[in-house]
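Chains: A, B and C, in written order; residue numbering restarts at 1 for each.
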Amino acid sequence: MSVAIRGLGAVCAIGHDLPSLARAVRAGEHGLGPVRHFDVAPFAPVSLGGCVNDGAGCVAWAVRAVREAFLASGVEAAPARIAVVAGTTEGDDHDIPGVARAVAAALGARGPQLTLSTACTSSANAIGLGKDLLDRGDADVVVAGGAERLAKEMYAGFHRLGVLAVEPCRPFGDAFGTTLGEGAGFVVLTREAGDARAHLAGYGLSSDAWHETSPEPRGAGVARAIEGALRDARLAPAAIDYVNAHGTGTAANDDAEWRGVTAALGARAAEVPISASKSLLGHAQGAAGVLELIVGLLCAAEGTVPPTLRVGRGRPGGPPDPVATERPRPHHARAWLSSSAAFGGANAVLCVQAEPAPSAPRARRPVVIAGLGRAEVPAGARREDARWPELAGLDPRGTDPSGRACCVAATRALADAGLKVSGALRDRAGVFAGATRVSPESVEAYRASIERGGLARCSAAAFARLVLHGPTGLVSRRLALRGPTTTLAGGGLAGMLAVAYAARTLAHRDDADVMLALGFDERRVGERDGEGADEPEGAACVALRVGGDGPRVLGVGLTGPNDREGAVARALADAGRSRCEVTAWRVEEAAEHAPSLASAALVAEAAEAARAGGLIVVALADDAAACALVIGEES
Amino acid sequence: MPEADEVSAIRTRVGLHRGTPVGVALRGEGAREAALRLCPSRLFLRDAMIRESLLLDEAGRPLADVLVAADDEDYLLLAEGLDAAGLRAVVDARLEGSRDVSVEDLGAGRAMISLDGPWAWSAVAAVLGPDLVALPYLNLFRVDAGLCLRVGKTGEFGYQLLVDEGAAEGLYGALEDAVAGHEGRAVGDQARALCRFEGWFFDPAHIPTGVTPIELGLGWRLDLERDWLGRAAIEERLAAPGRRLRCLLAPRPITMGEPVRLRGEEVGVVVRAAYSWTRGEHVIAALIDEPVGHGGVDFEVEDAAGATTRARLVAPPLLDNHSLHVDPRRHTFTARDEVALGPLARGPRAPEAA
Amino acid sequence: MDEGLESHLAARREALERVRAMLVEHLKVPLRPAQIDLDAPLFGTGLGLDSIDAVELVVAIETEFGLSIPEEEAQPWMFRTVHSVVELVVARAEAGDA
């Protein structure tokens, strides 16, 4: 059933708060001007950005947006029942979980703090996951959104890929290229309708399994995410009245996206307006999904849809109605979609409805741990000595140690499960991952390329790997898994959270039948054979499927910072089991080294033990969340 | 000249051709292993990806020019240079004892319809839908009629439609209309071969005796990290000095088999020569001693009339293909005048006749 | 062989070796230099470079040969084969760019 969108908060190029954003959207203003917070001379003639221009960072914007959203929502809840889900590519100073941490601190929220880092789909995915937390009862209030600051290294990478426009971007228009932006946006979600602005009826995720930076050209990935969102919302394509597109303005994206929308909505696609808010805001990357949702919501409240500025004569074969007006256009949308797509091939689509959509919950499906796979370099061992035969078919070009380890672990998990993913099942097989940091080797390669040739000559290949989701995307390409995909960022239990999210996706949604859940870590450069060799590295993978033989994930519990006991209690309740039935407990501290790998490995070890029977509880906690899983046979 | 008109269609509009495919589909758990056993190249194929490969004999000599495609779990091999029976004989012999793989003849009961030219995408899209415009080079999409492979061998946008015989007639007719609407035409094998030659694409119909991929400049199609049939011979060729296939331009017709001299010294031999309508001069493929086979060097060669003429070694590509300037995302055939096009022929020309 | 021809060939042999080394080192082309034939195509097929590599290639050429190829001068055919890149860098060197 839908959840209520209660409060909104935003900081972006055309408004430092919601009222000013609403005014600017109403007036059809755009915020694309010369970037001032770093020197754009190396990128001449490219110079534009949709910038906030207040000297602050994205954490500060996130806190402002969240306070605004929370205040406006008027909702109240116990601190432990308020969850935060944030999406960001980099956060401030590469502290990816820092956004969620700061937001939770500002609100005094003590529920789970989760972070998604799938580049430009991060915040859309965060809002979708926020709905899941409410549906599962992990919280009574969820604050979800995202934040991104336009960093010069990121600007350099996009510039190097040749996708930045000299003039303000023209989504669906006849000149190609995007304009980057920045900002933060958050929404407050509750189960109770209250005085809701609108209702989030569903969401969908998918992977292109195609290329590091180019979208699947038919938009098949976008189409699958739309179909997932419609199924989640239990709506038919004919019910959709408007599409708020990702619409970056690049040659590849807009064509592929329109094809994908057409593939998913059929004849309906040509009947409804589709517009791109990036023509006003720029491409705010990790914050893009939420900011564009907010623009759509602001317009919907006034009975309009946002315009796409500067479409000009449009593209051959483009959408017939890109809302090529200078201001929002009157149009009543009862149900609409907001779509996002990212480097690495991740897609996320949100489905919004004006009225609440009550529906009976789906029957819970049994989730079986079908296979386990690990690819680890133990502490003290050298990476070079780990010879993984599973790498034989993998093109090593454009990969890093994180990605390679993930591919090996995933391949092993599928083999262990005896699972053959082919044909139509590929569309229903997904990959989730949890990670601590972006591959240090790729970060170093990118840094070195800038040192060598300057920002304007940075390495595009290394840049393409600078998203936390990179290795996850590689796995989905390598194994042609086109179902839901995401990457969680965390300091202690990201790998385990990936397993939990994947298990719930199979149990409660119906857009996947097989999920791989990975945790991975990579040693810091320069520490490989010295002190850092104390750290293990690699990936652990748990292959989950609906039904079949093997131990099951019977219950999932998710609670706030360091609340392991709470998580255990919730997981047992979810499983319908009591403490006295538990035969083994793996309630542990988050690992100091390689925590994402270790947390997925812990689940794998418990699952291995559960193959011999018994009921096992695994639990971990860190300063952001606690998670517990109940694994065993169905009683 | 019909041939000149057909070449012009491929170079400036679109050329339509219907032929018989030769190929096999490798299916089953062992499909990838089988493909690796047959082909000496790297096979890092994402689903729907196509790569160029070869079939070699034990002496490392090419038997066929091969396209390998990953289609879900299957590997498809499309071969030129062997007929269906010949390919099947090689495949069956090589895969003897291979497990978990079944081999299906891809050509039986199927037709191959090809469209090549800077506007080929527009004609294909008109019949089979706009999605095909997005198909990147060396990838395949499934269409209702069968498979659409984006695999030109002329330097232009190229599409090959692998379809059931039953559907081929109707599809060909529809494409004929679309091609005519794009001012294109049906083209024959000869015109296609000529475009392939002046586009400097490997053509297995013209392999000089005894050469390996090394002499043919196809060393990049070999994966020397693993073993395959013919590998030992290839290693020998790599280690020894030798001749390499190079592209020369001459002002007068040249006969195959003529020696190529540099300052009087014999340094090579002509292995193929043809008149390029597009360039208005003769294109020569010659095996030239590697140390002297570089761009801008003028060689002496005897022309068809018995007189010595000069031939200049040049760097491919010989053409500034219109396909590199026509962008399906930007352009339409009706507004084709908006495409900024330079002369088709690029780079240095043949020296004046001596 | 005369001196003019010798130096003509020497310039090209050297450029070829440098282009081959650049492809292996900077673009991680997984081939031995001798496998990278003069006429080998660079993109799509051939050495298997793709759209991401295209920008890397221009930077690598500029860095390796110390020249600058402004976007408006970069024609698609210039980067289609190893040979066309060799001729490009030799021509630039002869024109006094390097």
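We adopt the following convention: contacts are C-beta pairs under 8 Å (C-beta built on N, C-alpha and C of every residue); 3 or more make two chains touch, one makes a residue touch a chain.
Remember, it's a predicted structure, so these values are computed and weren't measured experimentally.
A.B. asks: Which chain is most central here if centres come from C-alpha coordinates alone?
C.D. replies: Taking the mean of C-alpha atoms per chain, the most central one is A.
A.B. asks: Is the number of contacting C-beta pairs greater for A-B or for B-C?
C.D. replies: B-C
A.B. asks: Please tell me the distance, in whole Å, between the geometric centres of chain A and chain C computed from their C-alpha atoms.
C.D. replies: 40
A.B. asks: When the centre of a chain is set as the mean of its C-alpha atoms, what distance in Å lies between chain A and chain B?
C.D. replies: Those two chain centres are 43 Å apart.
A.B. asks: Report, in whole Å, the distance between the mean C-alpha point of chain B and the mean C-alpha point of chain C.
C.D. replies: Chain centroid spacing, chain B to chain C, equals 23 Å.
A.B. asks: Hunt down the residues of chain C that sit against at least two other chains at once, touch-wise.
C.D. replies: Correct list: 30, 48.
A.B. asks: Among the residues of chain A, which are close enough to touch at least two other chains?
C.D. replies: none
A.B. asks: Quick check: what residues of chain B touch more than one other chain, meaning two or more?
C.D. replies: 42
A.B. asks: Okay, in this complex, where on chain C does chain A touch?
C.D. replies: 28-30, 48, 50-53, 55-56, 59, 62-63
A.B. asks: Write out the stretch or stretches of chain B touching chain A in their complex.
C.D. replies: Within the complex, chain B touches chain A at residues 32, 42-44, 46-47, 72-73, 130-131, 133-136, 141, 327-332.
A.B. asks: How about chain C: which of its residues touch chain B in the complex?
C.D. replies: On the chain C side, the touching residues are 1-2, 5, 8-9, 12-13, 16, 30-32, 34-40, 44-48, 75-77, 80-81, 83-84, 86-87, 90.
A.B. asks: What part of chain B is in contact with chain C in the complex they form?
C.D. replies: Residue list for chain B touching chain C: 42, 51-52, 137-138, 200, 217-220, 222, 224-225, 238, 244-247, 262-263, 291-297, 315-317, 319-321, 324-325, 346-347.
A.B. asks: Can you check the complex and tell me which residues of chain A touch chain B?
C.D. replies: Those residues of chain A that touch chain B are 174, 176, 209-210, 217-218, 251, 255-256, 259, 315-317, 393-395, 422-423, 426, 477-478, 480.
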